[in-house]
């Protein structure tokens, strides 16, 4: 779709104020791809490179984020599993999506209830669908379907 | 994606005859954005500005609609909650999506079973995902997951 | 199971203070059967004969109810559909179960999201399973599974 | 629970006419245990020893069954997988539960959508819960949760 | 149901070898009530008083358990959250049920995906239904319904 | 979105090695439309014209496919129902999506558990959403939500 449409999407109408996604990813090429995929789908993004920064921004509460999208292995002391747990302590219904290649098998023990894990490689559409689903009213952490 | 591709999508192949979505929205700028988002995803749309018109078209039955996408607060006597209820009386499995800013907290008491509510601001991708999910064979109105 | 066990169940341990279910049913024989089935499963019950009484008790808030079990056709002006809607306005996550013979086809238009409808005749076990499922942490009104 | 209560359950009230479950099981000891478990939960049962008899009774349509509970390996030419498929051809929303020890791994390829498989050994409560869930209005065959 | 039937249930037929549930609970009165409720539903139980003992038995692997039912606050260093995480590391699809009064609000951050939390006070039937559901083939750890 | 972005998507980053979808479709115009829709969403595709070829490629195991997307009526002896069943025998959790116009009513008897059926005409977005959902860790084949 032409870029100026993207602009319209972001500047007015249903998304006069776009839903903001908090992304934690420390690989720069990935940051760009994620930002493009999310922007094209109509989401705004704040991308941070470490768990610590992400928690600071989230706890600061100056912006209202709709969901967390986090890599599992991150530079620094905290993993994506830790970030999600801390955010869920502050907001028990906060939607969480993990992205990982190697750590998918840890989801069943380390993931939070009602989260979604995207195993790399994944298509941008998988991320968009996952976020969209978790944002429905009524879907926060649920007992297994 | 290039527009002529959209054309192809609409004129032949899997969507030689595109799935039609009935949209009830009375704000003109929103109508355009919704129509663009739905067309780009491969859906056809009939957009009406009032609940009364929408019900007339739906009950007329000249076209087969696949789903309802409705704003909650509408000009005129009837709300989006009323439109959905009337359509479900005629077709108990008709997929329903509500869009609202202020009225999200009313969904739990006014929404129909198996409906989805999109809280404004939402991304176009959320609407597309919601419609797509409700169109699977076997899903609409379900006991809670 | 021996009755004195039921007593134990109600008087101590996990259910020292049993989960209370609010039942709205105006046929006396049914009241007894519902009360027996719920007591045997370990639930306490307050059974009322009209929507009006049920709403008064619920809104009074002197007791904390875990779920509503209501017949659809009731003596008086209000139906089970109305009772559930009013209670959901006060508590958007309140679990709701409808029991009906004739009105099952109205659920898709008159039921609240995430509710369960038991079509008569149903087995007591269906009621117990329905209540149990709606009481899991994490299951409040959800988009269709 | 005292037997006379079972009687009451079966003879009047909510279950004046009890929900009937069609059971296909060719081992006599199992037949008795299944019948007891279902009766105690408030269900009526017709138990048949072969797929052929079950299909004859089902297609005859003289009684309205609420669900099928079938063993997978049966005497005769047809398996439980076949029985369920034939019944679903006649009634696409008919609830299906399979019981099996050895054949659980075949469910993903041979089971029908929205069915439940109980792996032996299972507790009677698992059967009752499975049937109860499949009888909710709105649940039968659904896309994956 | 007559006790000798319970016996039959445990000693032969569909449950010739009953499904075994691993229960971690350090309050003795509760242990008895849980054991009774599970036995009556047709489940066998091994009840342990500490997380450490439970992990030793589970990791020993001499018995095959079908599910974990654990209190959250336990004597000793480890909580029910820890027990479940360790067991999921060993078996990523192991069904988990938590029982708690005070710690329900921690589930969203400390629970494992696809687990169920029963908030005290709960009815025995809620525990039986929860276990039964998690034992269906195909259900445990799932993305949100 | 500009085509060179599509290229980036396919050649590097999160999808350096894109998720591969196995498509079975014998109508050439449809093949192109499906390939475009999938590529644009970030999926790679191998499109085959017959069930036999698809099974040969799948069983050969030289490539790891993430999901099957198959038409129901195919040239040759085998239908899409057959293809999915064979693949599920080899991989019980393999995600399956059927596309059909005429055969939708057969899904309840011929489809595999946890599969999704897209009724023609459908929008490309419905296919993308369906695949995306089935690729979440933890979801495919599930008991009904």
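As written, the chains take the letters A, B, C, D, E and F, and residue 1 is the first residue of each chain.
The rule is short, and it goes like this: contacts are C-beta pairs under 8 Å (C-beta built on N, C-alpha and C of every residue); 3 or more make two chains touch, one makes a residue touch a chain.
Source: prediction; values computed, not measured.
> If over half the contact pairs have to be identical by residue number, which pair among A-E, B-C or A-F is the repeat of C-D?
From the options A-E, B-C or A-F, the copy of C-D is A-F.
> What is the Cα-based rotation angle between copies chain D and chain E, on a 0 to 180° scale and rounded to a multiple of 5?
120
> I'd like the Å distance between the centres of chain D and chain F, where a centre is the mean of that chain's Cα atoms.
Computed from C-alpha means, the inter-chain centre distance equals 32 Å.
> Using CA atom averages as chain centres, what separation in Å is found between chain C and chain F?
A distance of 43 Å separates the two centres.
> Measure off the straight-line distance from the CA centroid of chain A to the CA centroid of chain C, and report it in whole Å.
Distance between chain centres: 38 Å.
> Give the residues of chain A that touch two or more other chains, as numbers and ranges in rising order.
Each of 1, 107-108, 113-114, 116, 128-129, 133, 136-145 in chain A touches at least two other chains.
> Report the residues of chain A in contact with chain B in the complex, numbered from low to high.
Residue list for chain A touching chain B: 1, 5, 8-9, 12-19, 41-43, 128-129, 131-133, 135-138, 142, 145.
> Help me check something: in the complex, which residues belonging to chain A touch chain E?
It is residues 85-86, 88-89, 92-93, 105-116, 133-134, 139-145 of chain A that touch chain E.
> Given the complex with chain B, which residues does chain F contribute to the contact?
So the residues of chain F touching chain B come out as 1, 29-30, 32-34, 36-37, 40, 99, 104, 107-108, 116-126, 128-130, 133, 145.
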